[in-house]
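The structure under discussion is supplied below as structure tokens; questions concerning it will follow.
The chains carry the letters A, B, C, D, E, F and G, assigned in the order they are written, with residues numbered from 1 in each.
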Amino acid sequence: MSDVAAKIFEESLNKVVLVQLKGGRSVRGRLYSFDQHMNLVLEEAEDVTNTDATKKLGTIIVRGDNVVLVSPPPKR
Amino acid sequence: MSDVAAKIFEESLNKVVLVQLKGGRSVRGRLYSFDQHMNLVLEEAEDVTNTDATKKLGTIIVRGDNVVLVSPPPKR
Amino acid sequence: MSDVAAKIFEESLNKVVLVQLKGGRSVRGRLYSFDQHMNLVLEEAEDVTNTDATKKLGTIIVRGDNVVLVSPPPKR
Amino acid sequence: MSDVAAKIFEESLNKVVLVQLKGGRSVRGRLYSFDQHMNLVLEEAEDVTNTDATKKLGTIIVRGDNVVLVSPPPKR
Amino acid sequence: MSDVAAKIFEESLNKVVLVQLKGGRSVRGRLYSFDQHMNLVLEEAEDVTNTDATKKLGTIIVRGDNVVLVSPPPKR
Amino acid sequence: MSDVAAKIFEESLNKVVLVQLKGGRSVRGRLYSFDQHMNLVLEEAEDVTNTDATKKLGTIIVRGDNVVLVSPPPKR
Amino acid sequence: MSDVAAKIFEESLNKVVLVQLKGGRSVRGRLYSFDQHMNLVLEEAEDVTNTDATKKLGTIIVRGDNVVLVSPPPKR
């Protein structure tokens, strides 16, 4: 990923991010770790695909090749 | 990407681009960063898949392998 | 791509090409740039998937791995 | 995977993890082995896609490229 | 591709081949060029997916990773 | 694959394994050979996708990139 | 592929094999050539997806990455 993307991931550590996955699912959780392939570790994660019925997942490891996009928390 | 594509991305920095993603979704936002794999950072991004119900996403990092095409703003 | 394919792309520069994409969509536009991965830049592009309702896209950058086939303009 | 992800996998050895796979299926089992591609060996695994009708699978080897996300057991 | 496959492609140059593509579509045309990735150039190509409604495509460049199988013309 | 996974494959040679494939199909057969990509050779294989209508396949070679998971026989 | 798989392909040369492809289609033909990526050349091939309506294809070149599994002829 670009240095800019890496910096945004850095600044998002310990903050809640929204991750949209291939196949239409979304998870949200506190970003605990990432690498250059966008493999992510999220804590207190929830499956928020269906916003009327979110599901608690606890800590999760997301394989980067499933990630479509990541929304860091608003920060400016 | 070709030098020409890179130049168009360069010229689009800080301008609003439309990004069409695999699976039929589209997002629009101000281009803040890109790399040679088309990993993108967009600011003030919106999901515009359904133009009757756009959704604000804030800053997003898009994983390049999901990108189908990018429309920079008209500039000529 | 083969030298022959590259030559056809060369000869198609500044001419209108039709690009069929994975997932069934088609775009048409003036070829402005290409590289060996079939990353393409098209100008005055249109989404022509539905020929009854084409959509103007302006300049677009197409990520090569979405390309199924490209039809250059008739030239012989 | 990042060192952090590897550490979480290490700590999950011999504990029950939930693995979500591409295509919507989920399996759960005791983590017996993993490698850097997320190839996993689970013992006493069950297919838990349909929580009303789980299926016992015994020991399974999961090919890493099918993994979407892994939930280790709660540990804090 | 194997030397045998390459030889068959060689012998098919300037002859009409049928190409079946991922996603169920088929095109037919005179083979003008190929490379080791099965990137193909076909002339006087037609989309023959629907044999009741073939569509003329003219010269086309087919990206090899979409090719499922190629039928050269009968030759023995 | 990890040494542990390789060892499990070793121990499963000449025993009946269940292989779940991408796209939802399953085959079962006696494991005759494997390699590090999970390319498999199964003997006396059956398509067991529909357990009410299994189909005999004889010896089969399975291309590893289609494998989702492999269940060796119970052995402890 | 493993040496064992290669040997089975060797022994199947000039014999009729069944090839199941991604997306659910099946073709059958006399194996004329193969390489280590499972690119195959089949002669007198037929599309046998629908066993009530097989279609003759003649000689075909199958791109290996579409192959799910190959059944050589019974030989023991």
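Here is the rule we use: a contact is a pair of C-beta atoms (placed from the backbone, for glycine too) under 8 Å apart; a residue touches a chain by one contact, two chains touch by 3 or more.
Small disclaimer: the values here were computed from a predicted structure and weren't measured.
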item: Touch-network distance, chain B to chain F, counted in steps; value: 3
item: Residue-number overlap at the chain F/chain G interface, same or different (half cut); value: different
item: Superposition rotation for chain B onto chain G, Cα-based, multiple of 5°; value: 155
item: Whole-Å separation of chain centres (CA-atom averages), chain B against chain C; value: 19
item: Centre distance in Å when chain B and chain E are each reduced to the mean of their C-alpha atoms; value: 34
item: For chain D paired with chain E, centre-to-centre distance based on mean C-alpha positions, whole Å; value: 43
item: Where chain C touches two or more other chains at once, by residue number; value: 22-23, 65
item: Graph class of chain-chain contacts, one of line, ring, star, complete, other; value: ring
item: Sequence of chains encountered when the ring is traversed from chain F in the direction of chain G; value: F, G, E, C, B, A, D
item: Chain B residues touching chain C - in the complex, by the definition given at the top; value: 1-2, 4-5, 8-9, 18, 22-24, 38, 64-65, 67-75
item: Sites on chain C touched by chain B in the complex; value: 21-23, 25, 27, 32-35, 39, 41, 45, 57-63, 65-66
